[in-house]
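Next up: some structures, all given as structure tokens.
One chain, subunit A, appears in both complexes that follow, with subunit B as partner in the first and subunit C in the second.
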Partner chain A sequence: MAVSTTAVTAAAAGMPGERRGEGRRPGETDGPVGGGSPLGSFIGHAVLTLLSLACVLPIGWMYATSLRRPSDVYATSPLPWPLSVGNYRHAAEVIPIGPMLFNTFAVAALTALGQLLTGLLAAYAFAAWRFPGQRPLYLLFVGTWLVPFQVTMVPNYTLLLRLGLLNTLAGVVIPTLCTALSVLLLRQHMESFPKELLEAARMDGRSSWSVLWTVVVPNLRPALAALGIVLFINAWNEYFWPAMVLQRANSMIQLGLRGFLGGTEGNDWGGLMAASGLACLPIFALYVLLQRHIVSAFIHSGLK
Partner chain B sequence: MSRIQIDGLTKCFSKVTAVDRVSLDINHGDFLVLLGPSGCGKSTLLRMIAGLIEPSSGRVLLDGRDVTFTPPRERDMAMVFQSYALYPHLTVERNIGFPLRSRRRPRAEIREKVREAAELLELADLLDRRPRQLSGGQRQRVAVGRALVRDPGAFLMDEPLSNLDAKLRTATRGQLRALHHRLGSTIVYVTHDQVEAMTMATRVAVLNAGRLEQVGSPTEVYDRPASAFVADFLGAPPMNLLPVRAESHSGRVRLFAPGIEVALWEAGDFPARDIVMGVRPEHLVTVPTTAESPMFRGRVETVENLGSEEVAQCAVGDATLLVRGPRPLGLRPGEQVAVDAAADRLHMFDQASGHRLRWRAPDVSPSPPASLSPPSSSPPSSPRAVFASRSARPV
Partner chain C sequence: MKKSRCSGGIAAALALALAAAACGGSSPAASSPTAAATVPELRPDQQVSIVFESYNLAQAGPWTDTFTDMIKKFQLAHPNITVTAQKPATATASGYGSAAAASVQRQIAAGNPPDVGQLVFGDLFYAVRGLGATPLDTVVGHDAVQANFGGTHPFAATARTLGDVDGKTYGIPFVFSTPILYYNASLFTQAGLDPAKPPSTWAEVKTAALAIRSRTGKDGAYIDCLTKKAGDWCYQSLVDSNGGSVISTDRTRLTFADPPAVDAVTMAQDLVRSGATPKLSQEQAYPAFARGEIGMILESSAAEATFRKGATGASPPWDLRAAQMPSFDGRTVEPTNSGAALVMFAKDPAKQRAAWELMKFLTSDEGYVQLTSKIGYLPLRTSLLDDPAGLKDWAAKNPLIKPNIDQLARLRPAVAFPGDNYVQIKDTMLEAVESVVYSGADARSTLAAAQDRATKLLPKA
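Showing the complex of A and B:
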């Protein structure tokens, strides 16, 4: 009734905007503004589906190959059948995969935690405090991101040599404990953190140190989780620096994977796929664990 | 209860002076409202009292102890913020108990005090909820509870009602008044809402551009504004401020402007000068246009219906005069109108400085003639000048 009354009134008043709506069924105007036509929606979904397949296919193929029988690694069927764990058994015989995964996990976790901690402290100082030279110092800090790894590689290596940290996991972790990425991202999040919360905590009797751990960190969990997984993946995928420092192939999984390539009988694809598949599992597990926080962080970042 | 003394407090942000040499003495149990328009420095002043901002100069004394550079946690003050600043990750119970945990009080004591505060503020059923699950009014009560639970020497409140709707604000005003009456605590309350100031304060401090314009009881600042700014800021609609010329005419003080002719007391000769005359809309009364000498003559332009009252906007010469009274006022747009007021309802302000003028009667001994004089070096906390003839020479 209301619709028809409006239509009659609009038509009688000769309102051009309303005339454009004549003949439409009421339900047709209920969609989101700019929702587009069904054809556009179909094309959009098709493109996204293709992109998703392009992302998922190599990973699916890796696991498919790893689960084939060793004699079937060159088979092209999308589903491995009959299933076999022979490649995994073979990979475990060729490299000490368990200790390698443990080492890699320990290095990646320590690196990510260290970078989170230093980033958190530096970002808190830059965001919550005002001190002379703050801006130039922050720009210098962020500017270190622009310095290529190759420039710092040799000095860091020399330093580790003098400190006697070559061939140790500590030597891999310590030079990477501070990264501009974590300072930059956490400062951005803290800048948008309500200042009144910090002031309220100070009025309620907390010191700056206590405010950080009892107010700021609990409310930055999504951002810390998202950044944590990015830092962990970066550290997990690192190849060159561990190879330089550790100087042996059986310490970390990325170095171990190299052992399946270019052997006297060519590449060992079955073992490589199985070891790679195992190397990806911790990352997947971490993502599943922190997924809720990560999605929340990205949503909030988008809204702010 | 604490006594807060502020001595010449100033805060400069690069080239901007947000608070300019403000001195105040806030007594035990005072409910002092810092009132002023946005950007006048009232929140900055409150934050300096709290210790959240370091002053550029001046001192803050708490019960005689200089706390100017003491960290907020070592001042015996609690603060309620405009946004309430509740910790989103904590339940209501843990929010209220937060200041006590900071002071490492025993768990049993914390539980007991939180329960008492929750019952007082009718939050007992909401203790397990998080702030996002509460309405605006409930959040505001939690913020008050968090301040209350500490039993501080003074409460600082930064526009705590500004996020509430009109009905809830009225109810909460009453609750805060009752709370102050019950606790007898010192409260410093920042607002730009004159209704909050008039209804809750025991004293009002009006700020303008970082400077203190006037301090006094709500009645004093409304009835005897120390400056044209205070006169204009307090009151809805605001006081009519009309530029007039004050001269001696037939031995009486007379104020002239197009459409305005006001005869005051006998005065003898004095130098004529331009001043600003103020009169509140509710102090004006309409008189028959045939009346012999009404103060104002003009034409009604609009009449606004406020429900129980009406406000008529009248053109008087080049100026606009607002007349407020019970509905119906009996005025219609376009008609001529004559308006009068009691002489003791008129206020005089210096045209240049805006300060209240007083009538300085001539001395008996040979001396300069009588004059309307602007204030001398009297402190702004007391009325800068009084129209002394009002009491000395009733009209």
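Showing the complex of A and C:
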């Protein structure tokens, strides 16, 4: 379900303006998995089928369990029968799922948008200009990527405490508004952007700000979409930081899901599976809506 | 040359980034001196706000609801005290264990520790030595602390000292269990066993488990005390009940490789080797027993609600029953305790007094009526179970609590390992136990090697 960073890196490295089939060497085909031979094709598809099943099975089991009767959650039949929405009703009674999903969506969207915006501006600066200290600054960005969260969490937590932002959604979002991932990927992509286009736009009298939004961003749309969805999913899946900031409120779905895990008190599997099933739906919806952009970005990168 | 400059640049940038990341980090606060005299009572018009951190507030359903309700009732009774309740921040997927202590530690580092925390007993020494927990005897006086253990329905005598460190009371024992043998009476009947006579020794457990396995095709018995995930409180019950201990009484020498521990682990290994015990993790065994696929499980009573839900929801329903922990031949069971105590971290006298009022309320008769009837926790004020105004009706409907109450009378406190490395020592011990029981390693040499490694983690004298 998650889009790998590798794939996005490849997508971001793709040359804008390339079209399907361009740049293909003679003799190369866009054939099916497994090459030309029937046996290779069969093995390739068999492996892909198994991998797909392995990916889908846990999700299917989650929805199957969520749709069993609450008394049947320990049943091991692959198909739930009789069907019941009892677990969904129970989950909705125990935690405020609707507000939690809304808050989580808002936090994930704001985080992803903030990271895209800061990444875009920083990457534009790194790619379009040469200035003193550029390389050390860029390496500092690389360096922050290598610093684990555990190192920065207490200083960030202390800062939020002093700013009075603990136990607020703003406290979850603000420290994560800038990420090296988006700077690095967008800078890499902009580096391959034809400089002549930028110069032509400037000669036409456009300001740097205008060039960014009217020339660069439209051409970066596939990469921005692919990166945006990864950032959104990262923010959506983040548990530890919201758990640290929101100790006094269960205002995000991740913390709500954790509430069904009781350790020695026993896990509430029915409620957990129902709430998890609902928590996955916005991500599914996002994939469906942005599928064209994402696939397009990956195709471009694949042909590079 | 170019490569070298590049590497140097990266190294310098990384160093800068690390330095920048480390800036602003603060060191954990050392324990501050506590008040020499008892703190004054609050004036009726004196407004005080305190923070209460409990891992029960992280669990949705009756746990959160009950605690929220109890805090509301406390505030009605003490309108000048405002309680802000919060859960620990933890990255663990299930259970809390030392995560609750880590959460308090992080907040101390940031300068905003909770005023009262619910910490597991294994963290108590660290809470005192490493987190600066406040000695209750100093704050409100020894007599007041002891008086709180008394009342119409006094605390079980064996529970009163569980929160003591070096002769001072730092924690009020709050919620805990002893190891209980839950069993599937329906499987017993199917296997030709008498469900009215559950096994009382480990030898009988093996016989019954093998009978269940051979006659019903289900698994026999699972001891949820022998993995790192299970924690060490229940494992200590096994070792203690075989005449041993995991650490010397002066807490300077590890003893978990001594013959009683080796024999206890060998017994568990034999259950696995003979097929009486399935090779399952805790996460697998819990639901398997609830599904009716295991005949017996040694477990905390905290799991009872899960088992009951599984038993009544199964098709057909099966008969859940409970018995005391089995003994080793010729020995008496010495059950240890799981669970948590309420520990005070407040330093301000007014907050200390307010925190003490909250601790008294949560461990009052009314508190235990709520905790037991709504969550199922063991009432440490045991005579409530005989009081019609207390829990008598509840006890009549919940007979499975009886073995736990009976074991409470001869409770032996689970010990916490000393020093800052207490978690590593515990994990080292349990990894060795797990390796012996489930992977067939040699008990004597494996435990001895683990004990040698763990001894190096003990605090230096």
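Just so we're on the same page, the second predicted complex is superposed on the first by the 261 of 304 C-alpha atoms of A that agree within 3 Å, B and C clash if a C-alpha of one lies under 4 Å from a C-alpha of the other, contacts with A are read in each partner's own complex, and residues count from 1 in each chain.
The criterion applied here is as follows: a contact is a pair of C-beta atoms (placed from the backbone, for glycine too) under 8 Å apart; a residue touches a chain by one contact, two chains touch by 3 or more.
It should be emphasised that the depicted structure is a prediction, and the values quoted were computed from it without experimental measurement.
Student: On subunit A, do subunit B and subunit C fit together or clash when superposed?
Tutor: When both complexes are placed onto subunit A, subunit B and subunit C end up side by side without any clash.
Student: Regarding the shared-chain residue A:Gly205, is it in contact with subunit B (first), subunit C (second), both, or neither?
Tutor: A:Gly205: touches subunit B, not subunit C.
Student: Please work out whether A:Leu261 is in contact with subunit B alone, subunit C alone, both, or neither, and reply first, second, both or neither.
Tutor: In the superposed model, A:Leu261 contacts subunit C only, not subunit B.
Student: Kindly classify A:Leu146 by the partners it touches after superposition: subunit B alone (first), subunit C alone (second), both, or neither?
Tutor: In the superposition, A:Leu146 touches subunit C alone.
Student: Looking only at contacts as defined up top, I'd like to know whether subunit B or subunit C touches more of subunit A.
Tutor: Of subunit B and subunit C, the partner in contact with more residues of subunit A is C.
Student: According to the stated criteria, A:Leu161 is in contact with first (subunit B), second (subunit C), both, or neither; which is it?
Tutor: Second partner only, subunit C.
Student: According to the stated criteria, A:Pro70 is in contact with first (subunit B), second (subunit C), both, or neither; which is it?
Tutor: Second partner only, subunit C.
Student: Superposed on chain A, how close does subunit B come to subunit C by Cα atoms? Whole Å, please.
Tutor: So the smallest C-alpha gap separating subunit B from subunit C comes to 16 Å.
Student: Taking the contacts subunit A makes with subunit B in one complex and with subunit C in the other, which residues are shared?
Tutor: none
Student: In their shared complex, at which residues does subunit B touch subunit A?
Tutor: 47, 50, 52, 71-73, 77-79, 81-83, 85, 87-89, 98-99, 102-103, 146, 150
Student: Which part of subunit A faces subunit B closely enough to touch in the complex?
Tutor: The touching residues are 194, 196-197, 199-207, 210, 215, 218-219.
Student: Given the complex with subunit C, which residues does subunit A contribute to the contact?
Tutor: 69-76, 94-95, 135-136, 139-140, 142-144, 146-147, 151-155, 157-159, 161, 239-240, 243-244, 247-248, 250, 256, 258-269, 271
Student: Considering the complex alone, what residue numbers of subunit C touch subunit A?
Tutor: On the subunit C side, the touching residues are 9-10, 12-18, 20-26, 53, 58-61, 63-64, 84-91, 93-97, 103, 106, 109-112, 286-287, 290-291, 300, 302-303, 305-307, 309-310, 312-315, 338.
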